[in-house]
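One structure coming up, written as structure tokens, with questions to follow.
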Amino acid sequence: MSETVFKGVEIVGTSDQSFNHAIEAAVARARQTLRELSWFVVEEMRGGLQKGRLEYQVTLRVFFKLESDDSAGPGATLV
Amino acid sequence: MSETVFKGVEIVGTSDQSFNHAIEAAVARARQTLRELSWFVVEEMRGGLQKGRLEYQVTLRVFFKLESDDSAGPGATLV
Amino acid sequence: MSETVFKGVEIVGTSDQSFNHAIEAAVARARQTLRELSWFVVEEMRGGLQKGRLEYQVTLRVFFKLESDDSAGPGATLV
Amino acid sequence: MSETVFKGVEIVGTSDQSFNHAIEAAVARARQTLRELSWFVVEEMRGGLQKGRLEYQVTLRVFFKLESDDSAGPGATLV
Amino acid sequence: MSETVFKGVEIVGTSDQSFNHAIEAAVARARQTLRELSWFVVEEMRGGLQKGRLEYQVTLRVFFKLESDDSAGPGATLV
Amino acid sequence: MSETVFKGVEIVGTSDQSFNHAIEAAVARARQTLRELSWFVVEEMRGGLQKGRLEYQVTLRVFFKLESDDSAGPGATLV
Amino acid sequence: MSETVFKGVEIVGTSDQSFNHAIEAAVARARQTLRELSWFVVEEMRGGLQKGRLEYQVTLRVFFKLESDDSAGPGATLV
Amino acid sequence: MSETVFKGVEIVGTSDQSFNHAIEAAVARARQTLRELSWFVVEEMRGGLQKGRLEYQVTLRVFFKLESDDSAGPGATLV
Amino acid sequence: MSETVFKGVEIVGTSDQSFNHAIEAAVARARQTLRELSWFVVEEMRGGLQKGRLEYQVTLRVFFKLESDDSAGPGATLV
Amino acid sequence: MSETVFKGVEIVGTSDQSFNHAIEAAVARARQTLRELSWFVVEEMRGGLQKGRLEYQVTLRVFFKLESDDSAGPGATLV
Amino acid sequence: MSETVFKGVEIVGTSDQSFNHAIEAAVARARQTLRELSWFVVEEMRGGLQKGRLEYQVTLRVFFKLESDDSAGPGATLV
Amino acid sequence: MSETVFKGVEIVGTSDQSFNHAIEAAVARARQTLRELSWFVVEEMRGGLQKGRLEYQVTLRVFFKLESDDSAGPGATLV
């Protein structure tokens, strides 16, 4: 049937350089175990300032397509 | 002990017909791999309009009971 | 590389005694299957009042560090 | 004087069929005791999933006109 | 005992002149039936523009002290 | 018919000791006049600090089941 | 260049029947003057209850692709 | 058909005197080019304080009825 | 008179490179048809992840000064 | 360098007369100790109703320019 | 004059024991340097979970009365 | 005792180049007068567009550790 279902997971990426790098780090990590990534939403941008450093931290929700047959493997299971 | 713990997952259902169908599609998919579904919350309603069509998309948080003993199988694990 | 990535999961703890107990129950359950818990955020506080009782329910987002190598086992996988 | 005052009450309607039915149930119940209903706002949409069923639950704020003279009866009192 | 309990009710005041007048109209109406008003919060400011007029509409939550003994009359009952 | 309808009321509980006590005070007061309390949601937590004291104030929405027949008495009327 | 730009407009659809019909009415009206509709977001759901009727009102943001050359006509201009 | 459609536009009015004047200025300006204004919502209230002055700035969403036939002229077009 | 009125429009810029580029693309497009741009607000940051790419999408509200005389041309009309 | 930095402080003004007076009182007080006030944002509007009175209370964030050299005196220090 | 002005400051209290203790720690610290504390609002509740511990962290806004004469000393200055 | 207390201040950084530069400018300014900076949260991203320029403006809350002994100097005082 044509009804597609997606799942969202919440990931926090970090970087010493910029929020863009932090997003890329989070997306790269998600690509290691999730197939069919579709879109993301930026939820929050924070940063660490301890000991003179400036660490960018960005919270994303990353969404991917769930395969209708869950025999496809761990990358597509709901939980 | 009597302290029950639940987990919430974020799912996006889609349908050509209505938001109600999109919710039902998302819940049906969640029931394939999750046991003891308890409740859901509608988080967002959007839609696709490309090429003259009207696709209903609804983002849900679906909550289910975690079994206290995680030897119960993949359906009840936290991650 | 030094870019750490975290994942967040949503858990609802319950208790007959207080919101603090409900949080502790949720965190204790998360510790059974998740390694390297880092922080949590309280999202919502509700309660059940049926049949004269008072049940505290607290929704948390619990964040933990993802290992860069996902061969580490189920506790560190993204989905 | 021409200054009309309205009061809002919060009602949760439920239905096995759809959110529309749940809204109609809530409005029908409000009409039993409230006169001069004017408008409503949907505040939240949730649902129950226990034991395989799908119950639609919708929280509304229903607003009605307060009569300036509160001798009009219980349907128009402020509390 | 010293634990005071308050109740909040939602009222919408209207005025042809200003939001201040709309607030005063709502508070004056609340004073007709509620005793021991304590504070209010402005929730929303809207207006009607039909037929060239400008009507100010303000939604307030008005809070009042509940008497511990509910034999005190209709002004202090919870519902 | 099986469509249940609930009503929500907003109550503010206070306590010198803790937010938990303030919640219990609010719920106890609601139980004096409302039947079939079902659930509550914590909306806001504030406190008074005047003259060296620390008063906990918690705003709840308390929901209860409306009886379909409003001849049941004041505890179940909509307004 | 490959950087696409979209514009969003806010529309309120109404219907005597359901929120779905109200959405369809709003989208149909938008299609009369806007080309390349892409997606929409539901912002608010309200309703009119005057004189015993139940009118569904839904506020949408509808987004469409802006053509890079604004000589294309009124349907694609920014304002 | 009876399904009315409205459009909302965002306007910021300013005044040296009060928020009420700023709203009136915004509504007066909207009336120059828009027909059938229906209602507005106050979205934000800010102000300018530079050089000792106090300028009131209010952001409104103003809604007006769209004519079903868009041959009616520029005042009623969707974009 | 000195009461200035502004209008806000919602634009979504996209870029393969960064959110900053997406903002610049949106602003550049707005400058093609709108005069007297004054400020913008970032409303949402999302991204597309299909087929291994990473597209940055940023939703802005861009505000510009409305000329009091609307004979000034299409760039300054309210709708 | 041309990068200006501002600081925001939260102030609550009160007045027996109107929200406008409460804002003016807050701004006047801020001008006693802060230089280079730039803008403010209204955060919340509440009021006191005890003993038959109506006190307007408005929470503002007031922003002022920080001088790059903090030798300028207490009015410009960050904390 | 009778127009009182308050200032709000944001403080984060922490505790190994409970959110209540974290609030008390924050208020006690505020009392060291601020006079005439009036009320507080809980803004956020989070916690630290590193190395098996559970640290409660609560963000408060604490409000205190500003003396109209700022010659009163550092405890009452605006910045 | 081990209960640490932090204070948050609101700062707006600006830059002609990017939001990242605006954040760095704000953090650099905060470091001139505040010791023990711990973390920041991005609250809002806006920009100035007057006279063809594009100025990035970012509102941060910057948090720093309060020393328990306030004899430590101006950098650690609460107000």
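A few points about this structure:
For reference, chains read A, B, C, D, E, F, G, H, I, J, K and L in written order, and residue numbers begin at 1 within each chain.
Throughout what follows, a residue touches a chain if its C-beta (ideal position, glycine included) is under 8 Å from a C-beta of that chain, and two chains touch if they have at least 3 such contacts.
Remember, predicted model here, so these are calculated numbers, not experimental data.
Chains making contact with chain C as well as with chain F: K. The minimum number of touch steps separating chain E from chain H is 1. Comparing mean CA positions across the assembly, the chain most remote from chain G is K. Annotation: 40 Å between the Cα-based centres of chain C and chain I.
Averaging Cα coordinates per chain places chain D and chain E 18 Å apart. In this assembly, the C-alpha centroid of chain E lies 30 Å from the C-alpha centroid of chain K. Shown for chain B are the residues that touch two or more other chains, namely 7, 9-10, 19, 77, 79. Every pair of chains in contact is given here: A-B, A-C, A-I, A-L, B-C, B-D, B-G, C-F, C-K, D-E, D-F, D-G, E-F, E-H, E-J, F-K, G-H, G-I, H-I, H-J, I-L, J-K, J-L, K-L. Put simply, chain H touches chain I in their complex at residues 7, 9-16, 21-22, 25-26, 29-30, 32-34, 59, 74-77, 79.
Of all the residues in chain J, the ones that touch chain H in their complex are 19-20, 23-24, 27, 31, 37-42, 62. Against chain I, in their complex, chain G makes its touches with residues 2-10, 61, 63, 66, 68, 70, 77-79. Interface of chain J with chain E (complex): residues 18-20, 44-50, 52, 54, 56.
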